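Structures given as structure tokens follow.
The two complexes that follow have chain A in common; it is paired with chain B in the first and with chain C in the second.
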Partner chain A sequence: MNGFWNAYSANVEFALVAALFSLSAFLGLWSGVLSLAPIAFACGAAFTSARIDLDHPGLPLMAHLIIGMLVGAALAYVSSLILLRLDSHYLALATIATVLISRVIVLNLPQYTGATLGTPVTRIVSTWQLVLILSIVCLVFNSLRKSRFGYSLDAVREQPEVAASIGLNVLKIRRIAFVLSGVVGGLAGVLQSQLMQYITPDAFYVDLAFVSIAAAVLGGAYIWVGAVVGAFVYAALPEVLRPFLGNSKNIANGVILILIMVFMQRGLIDPVAIKRITRRLRNSIASPSQQRTE
Partner chain B sequence: MQLLIQQILNGVAVGSAYGMFAMSFGLIFATMGILNVAHGAIATLGAIGALLVVESWGFPLIPALLVGIATAIIIGLVTDRLAFQPLRARSNPLGYLITSIGVWIVLISVAETLLDHQIKTFPPDFVSQPRIITSWVYLAPGQFWLIIVGGLSVVGLHLILSRTTIGVQIRAVGYSEVWSRISGVSSSTVVLSTVAISCGLAGVVGILSSIAFDNVAVQLGEGLLLKGFAAVVVGGFGDVRGAFAGGLIIGVTEVLGAQYISGDFRDVITFGLLILFLIFRPQGIFGEVKFGAIK
Partner chain C sequence: MKTLEVENLCRKFGGLDAVSNLSFSVETGKISGLVGPNGAGKTTVLNLISGMDTPSSGVIRINGIDTGNLKTHQYANLGLSRTYQNIKLFKGMSVLEHVLVGLDTRRNTKLWQMLVPTRVDLRERSAMHEKAMELLERLSISHLAEVDAMTLSYGLQRRLEIARALGSQPKLLLLDEPTAGMNKSESADIKELLESLNKEGLTILIVEHNIKFISDICSEVTVINFGEKLRSGSAEEVFNSKDVRDAYLGKERNEMVLHFEKLRAGASRDIDVASFSRKSD
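Then we have the complex of A and B:
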């Protein structure tokens, strides 16, 4: 066990943060919006936190996390004013553009971000704190799911027109979800920067955005557990496959993503399928004869 | 004045590359509703295909170009068959996007393996003619061919789409797959020819721009994808002429912006334009032509 931990502690830590990233992407999907923008908010949060750390060293972790979440939320709110005016495909495209622009901004503010040279970050977060943070976020997501807000998100995602006709304010609900995704994204950004200990403009770019959204969909984009599971699977796969595939592990990643989209379009964790299976199990235990006649 | 003309020409050359890529990317999107993020990698692989035969067997320009185009078309058809075809029965634009991310990861890895994680170039003077040098302007052969082929391809593609049967069928499927099938259009033929035209063109762009910008690398395709995507948004999805003009606008603005405002702000201008258009005129400058998707 100790040997395993020594070999894979860095992977586990990155997987914990990757779970936060894919949770932030999941929040967009939950409100029916394909958004890659949380990565841009993470970028803003990470560079702000890194800058503050350079100017005022020794701030506690909590302060950095709060700064990250606030910056993420503020960026998300401002960009939601523009982005959420758009629809489906165009919205997705504009969020990709947001990520591209965030990199350009970072490159053009050398006095704050170090531009291409990047910014060093002091790591103050420990592994158990990462676990704790992810658990808290998961608890929040879980209570959201059964809340009035969670149900409205489901409605907005499945049928925005119907949701609007029963008096839900679709735009407002999407905006809240967008800002929340900024909060989670900002949190993930700060933690990611601490793990990397050195951030450059490329640290928060389209590839991270694609991987986050891919992990959320791979795990199952209909429940938050899916995002977490997806992130872990995505982090573990290259390591598991390394002995068999060597350096072509990325190819395996891509192939698995395609296979999942082709054969299990609703992802690994699908609440509908789980409900169906448990109902069948319960039925067969309760009345085996009836089950047979069906 | 001389500098201005020179920079506009440079911008037109870069813009032709963006414009050609935008046409090929936009054609897939307009006809099949696939926002294919792997399209840049297809352009890169086309360039790599040409580079490999040049390096190994010393192919001259035209045969190498054909090999590169064939590579791009084959890869495009195979990925379409394996990855996108199974999704076509269910209508899920999100599924297409995620699948294309998967394809993108695979193709990028293949390209990096083939390139041995290096940035390669075509042999110097692989294309040496015609080089245009006057007291006024300088145009490298790569740039020259980008402009010429760009102009030819926009005219050619427009003629194909507007005058030939297959072109009309492609547009019909883009408008409404169901209604075009009712009128007897075979959508599988349309899909095959759309993918072939689009990926072939991507291959051409990949090869010509890797000659003009003197590098064959994964970043080449990524750059084309981002700028081509911006060009499609600026010019509009509906019409290839719009997409090409969008590419020219982006190319010229970018080069002039870098010259007269600041080199660092090159991408700010491009993506600023992109955001402005998405907000105020998401149908592009050249107006709306309704597009739909095969469902």
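Then we have the complex of A and C:
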């Protein structure tokens, strides 16, 4: 176990943050919006927190997290005013543009971001704190799922017009989801920057954006658990494949992802399929267990 | 008192006048029908009334309020709710959740209260749950509350759509072909349900193909063809008028006249004009 931890602790820590990233992407998908923008919000949050750390060293982790969430939320709110005027694939493209723009902004503010030189970050987060933060975020997602807001998101994703006609303000619901994805994205950005200990304009770029969306879709875009599982699978896959495939692992990685998405279109974690399976299990277990209690 | 007033409504799709100069109204507390052959523009009218489409010109008033500047989600606040000709359910949601979505729009909880369920929120949630179960009970699908809605049969999905529409507690219910694909006993059940809802004060506008169903249940009927109004009046009066028969029957008029004669004689009221309509098209 200790050997495993020594070899893979960095992977596990990055996977925990990757789960936060893909949860933020999932929030967009939940409201029927394919958005890569959380990465741009993460970028803003990470550079802000890094800058503040340089100016006022020694702030507690909590302060950095709150700064990250606030910056993420603010950026998300402002960009939602423009982005959410669009719909479907136009919106998706505009969010990619947001990520591209964020890099240009970082490059053009050298006095704050260090531009191409980047900014050093002091790591103050520990592994157990990462686990704790992810657990809290998961708890929030879980309570959202069965709340009025969760149902509204489901309805808006599946049939936006019908949802509007039963009285749901689709734009408002999408905006709230967008801002929440900024909050989670900002959180993830700050944590990612601490793990990297050194952030450059390329740290939060389209590759990270695509990975977080892909992880959410791979895991199952219909329930938040999917985003977390998807992120872990995405992080583990290259390591699992490395001994067998060496350098061709990246190709195999891609092929496996395509296969999963083709043959399990609703992702690894599909609430409908799970309900079906648990009901079958319950039925098959029900009769013998009853006999046992009698 | 009129719950719904439509005045000089027009909707153009490019060069096509889907609805032109249509005026009609729905009396408060009545069940009215909107009838017409395939492609007459019935669903377009319903979409315009429910705010899912914008008129090219004309006025729609719900409970006296001009809906011209409203957004789609605000129609529900006016007490309007609808079902769809092509059933539109939310994939992945259970039967109960479908009704809860509609009911929840009548709640006042703020988002932070949903993140951390407060006692007020929980109490309200269980009250909503109870109300939703009552509605499902009424539509006799309460035993299916936990079932994934997409796995229901066609007739039950139609019932669920009505339950969802009732969830937002409407004063005016728009039904787009509520008995399509239903057998006789199923549509009799729907008829009974609609009549009892109507007795409780719900105003209903039904778009239908099934002439028998319409003439059984509606106190007033408006017939449209090619987006224009042909005639308004009581069911018997309307379906016996020459222009309405022409519209429905076209070249096969004679064949149909026979049926209407029979109908008038009371020999059989059990005909479905839809099965005759526009075979030549």
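Just so we're on the same page, the second predicted complex is superposed on the first by the 282 of 294 C-alpha atoms of A that agree within 3 Å, B and C clash if a C-alpha of one lies under 4 Å from a C-alpha of the other, contacts with A are read in each partner's own complex, and residues count from 1 in each chain.
One rule holds for everything that comes next: a residue touches a chain if its C-beta (ideal position, glycine included) is under 8 Å from a C-beta of that chain, and two chains touch if they have at least 3 such contacts.
Quick caveat, the model's predicted, so the values are computed rather than measured.
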Three-chain arrangement built on chain A, chain B and chain C clash or fit:
fit
Once the structures are superposed on A, label A:L237 by its partner contacts, choosing first (chain B), second (chain C), both or neither.
neither
With the two complexes superposed on chain A, say which partner A:A92 touches: chain B (first), chain C (second), both, or neither.
first
Classify the contacts of A:N169 with the two partner chains as first (chain B alone), second (chain C alone), both, or neither.
second
Where does A:M196 make contact in the superposed view: on chain B (first), on chain C (second), on both, or on neither?
neither
C-alpha centroid angle, chain C to chain B via chain A, nearest 10°
90
Which of the two partners, first being chain B and second being chain C, lies in contact with A:S152: first, second, both, or neither?
second
Looking at the overlay, what does A:V104 touch: chain B (first), chain C (second), both, or neither?
first
Between chain B and chain C, whom does A:L257 touch in the aligned arrangement: first, second, both, or neither?
first
Should A:L144 be classified as contacting the first partner (chain B), the second (chain C), both, or neither?
second
Note down the smallest distance between any C-alpha of chain B and any C-alpha of chain C in the overlay, whole angstrom.
14
In their complex, what parts of chain A are in touch with chain B?
29, 34, 82, 85-86, 88-90, 92-94, 96-98, 100-101, 103-105, 107-108, 210, 213-214, 217, 221, 247-248, 250-251, 253-258, 261-262, 265
Contacts from chain A onto chain C in the complex sit at residues 140, 143-144, 147-152, 154-155, 158-159, 161-170, 176, 222, 271-272, 275
Chain B residues touching chain A - in the complex, by the definition given at the top
35, 37, 82-83, 86-87, 90, 92-95, 97-99, 101-110, 113, 226, 229-230, 233, 264-265, 267-268, 271-272, 274-275, 278-279, 282
Provide the residue numbers of chain C that touch chain A in the complex, in ascending order.
50-52, 71-73, 75-77, 81-82, 84, 88-93, 97, 100-102, 104-107, 109, 111, 114-117, 125, 148, 164-165, 167-168
